[in-house]
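Supplied in structure tokens, the structure appears directly below.
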Amino acid sequence: MIAIASSAGLWWTILRTSLEERLAYRADFALGTLMRFLPIVTQILLWKAIFEAAGEKEIAGFQYKDMVAYYLIVMISRALSSMPTLASSITLQIRNGDIKKFLIQPVDMIGFLLLMRVAWKLVYYIVAIGPFALVFYLCRGFFDGWPDAATMLAFITSLAMAFLLGFFLEVTIGMIGFWFLEVSSLLFIYMVLNFLLSGHMFPLALLPDSIEPWVRALPLQFLAGFPTEVFLGNVTGEAMLRGLWTQFMWVVFFLATSRIAYHYGVKRYSAFGG
Amino acid sequence: MAIIEIEQLTKNYRVYRKKEGLLASVRGLVHRQYQSVPAVRGVDLQVEQGQFVAFLGPNGAGKTTTLKLLSGVIHPTTGTARVMGYVPWKRSIAYRRRFALVMGQKNQLWWDLPAQESFRLHQKIYQIDHRQFQKTLNELTDLLELGPLLGQPVRELSLGERMRMELVAALLHSPEVLFLDEPTIGLDVVAQHNIQEFLRHYQQLRKITILLTSHYMKDVAALCKRVVIIANGQIMYDGSLSDIINRFGGHKVVTFQLNGDRMPDLSQFGQVLESIVPRVKLRIDRQNVTTTLSHVLAKYTVEDVAVEDPPLEQVIADIFSTASENSREPA
Amino acid sequence: MRRSKSTHPSYLAVLATFARNSLVRDMTFRGNFLIECVTSLAWMTMNLYFYMLIFQFTQEIGSDTGWSKFPFLVFLATTMLVNSLVQTFIMPNAAEFSELIRMGNLDFALLKPIDTQFLISFQKIQWSSLSNFFFGAALLAYSLARLNHVPGVIEVVLYPVYIVTGVAIMYSLMICLAATSVWMGRNQTLYDFWFYITTFSRYPIEIYKGGLGRPFMIGFTFVVPILIVANVPARFLAKPLQKGEWYLAGYAAIATIASLYVSRQIFRKALVGYRSASS
């Protein structure tokens, strides 16, 4: 009980100090959150021009306003599933020996990191909820109203899993630091592929039919594209349930790989001395 | 005309006061409280050409700020200064070519490249004639024993070697005025000694004017005849090292070597610093020294007596702590 | 007292030394160099792919704008050329400058008898970003060959000139932003701000219309003239320049000079307010 209480206390302190730190640089903070929405402006304008010239009402199943709605929602998805500096900080800790504290103390490293990330994400959302709400209010014309309760539930579930998937995926990459010194190149590749193939840069539906199934086979779509498609009703019913199940399996898969990698990584690390 | 003239130089900083706690941080979003912190308060100073002057003072005394003002790096709030006739913060190109600033534990050399690449850049920027450059470089590297290290990336050098390289970089353009801000900080005793020796030799050779700030008494005692003590942004003392003791050392350390196994209790004469058979060491106020001596000599059999000044570090430390006590008093 | 030259050093010689030093440094970290080349090329390829996808669904970007596939690729190539130059010469110094101010380490730069803005603007060159430049040049050649019209001699000569003015405008913006570190403290946001603002410059000016677009068009043409950066040179080559459009070229020249002037003033103000770090 005491352990739980003390870690809860620790967790609250982390949360509070993160918030304080954010607020300490007030000019930074006010600008920063609003600025994340600037690219939406260009997306709105660009797609308007594209649809205008295309003359069609629909492109790959999207109407103009659906396209804009897609980009808005994918921002939420992406904000949840992106784990900045997670993999690189793990490899840094391995490289400079800081990892030893996890090996000596009875603290589960992956669990600890997960809690930290949850705290950070919470802080981010608490602090950003104002600007987010403002932007969505201004853009409400692009949406067809709120989705029904079932869809909302599916969406939120999918978002939660996107968070976990992003987390365990990057932890697994970070674990490679136990075997190779330079992980940054791998990380770059991951980031590039992520942007391109997760649905973040453009809806995966735009891809030609010969390529789309291959890209959908990857876990990356579940970080950004899939939750968004759930929200917008682009994937419904049985297909949606299958998708959620696949997403879940990917989470389990990467949870397992991160734990296995950690286990063997620690063994190797101790064998070679730190 | 003095080479450095400072009159009523003042520098105040605006500092944002942050209060603890979450609520205060939120409030800080809307309303910030500033405070004006004085770093240098009305400093007056004159330095003649060829002098080697030390600035001594505790942390936050204003020594580094003064040097930065004289280098033109920051602008003063009020007051004037002239170095070689130039106003430093006007930062004329001509002025910048004639002085140098070295800061302890701070590097201007490119980290990943050998020092000689940085020196070459220096040559271009300072427009040093090629032959003069080679000659000066060789002289300096000989004096500082850096020859084989010129081709090594700076990040591979030890702290002491890096500081010596910094000195080379600073002196390549043969400045007439040299500002040194804690040049030996963080170095081991041998490295400190080397740099002190070099500075002494170089100054005697070139007769340039040097202003040195330091915490370390050894730097000061070895190199400077003139010491300026700064505390709380103000000059507390300006004169020779030996005079400090006369002025501020209000007591002497008297050591008696007595005959016999019995150690008398001499605490009535002063503070007993040490009492190990057969010696007693006492700290006695200046004015009481003669009377104490006559009393003890009359009463006890004294084999030997020594009357010494208190250690310089102690005197200076006392000056610093008095100054900080004074600063803590309500304005 | 010794006579001292009050003349400035040879900026060309100093620049050459900067270039050389940066190259030597980049070559000692060859692995990193390659990774940087590859990743920036990867980003460029992704962007290109995105637009290739778009052109499967439409013939033009915006009705009657003239930005059909190959003219638009000329535009895209132009953005790549400008951005690669910015990333090679300007970005490494901007990041460094902000750090210098933040840590109070600008002191050493201030001591040198050389124009401080020049020193901090050019001391580092990121050679790996030139890979983008070659990519952009290749794309340009590819799309120029497939245009419906042939650009005139004047347009071809003015193109590189306006690439340089585009870079100069971006440079001025960067200096202004970096200089504000002196007053505004920590600056990750400014760096992000720069990134977001410059993405606006990567689209044809024609998309900035309507209730949402017009304010941006006006703001980014007349207040912070980033829309000039890629649009003007690209139009020279991609579309036959109408009579009425030459004023745009003239305006671009004026905007460049004004930007450089304003950024220099802000820079000088920043130096006066510089606080340095405590010892």
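For reference, chains read A, B and C in written order, and residue numbers begin at 1 within each chain.
Note that a residue touches a chain if its C-beta (ideal position, glycine included) is under 8 Å from a C-beta of that chain, and two chains touch if they have at least 3 such contacts.
Note that this is a predicted model, so its numbers are computed, not measured.
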* How many steps does it take, at the fewest, to get from chain A to chain C if each step moves to a chain that touches the one before? -> 1
* To do: Using mean Cα positions as chain centres, tell me which chain lies farthest from chain B.
  => A
* Structure fact -> By Cα-centroid distance to the whole-protein Cα centroid, the innermost chain is C
* Asked: At what distance in angstrom does the C-alpha mean of chain C lie from that of chain A?
  -> 31
* Asked: With chain centres defined as C-alpha means, what is the inter-centre distance between chain A and chain B in Å?
  -> 54
* Compute the distance, rounded to whole Å, between the mean C-alpha positions of chain B and chain C. => 46
* Per-residue multi-chain contacts in chain A, two or more chains -> 29
* Structure fact -> Residue numbers in chain B touching two or more further chains are none
* Given the complex with chain C, which residues does chain B contribute to the contact? -> 13, 59-60, 63-64, 68, 71-75, 84, 91-98, 100-101, 103, 106, 108, 110, 112-113, 117, 120-121, 124-127, 153, 176, 181-182
* To do: Show which residues of chain C lie in contact with chain A when the two form their complex.
  => 31, 35, 38-39, 42-43, 46, 49-50, 53-54, 56-63, 65, 184-189, 192-193, 196-197, 199-200, 203, 206-210, 212-213, 216
* Structure fact -> So, in the complex, the side of chain C touching chain B is made of residues 1-2, 4-10, 13-14, 17-18, 21, 24-25, 28-29, 105-108, 110-114, 272, 274-276, 278-279
* Which residues of chain A touch chain C in their complex? -> 25, 27-29, 31-32, 35, 38-39, 41-42, 44-46, 48-56, 59-60, 182, 184-185, 188-189, 192, 195-196, 201-202, 206-208
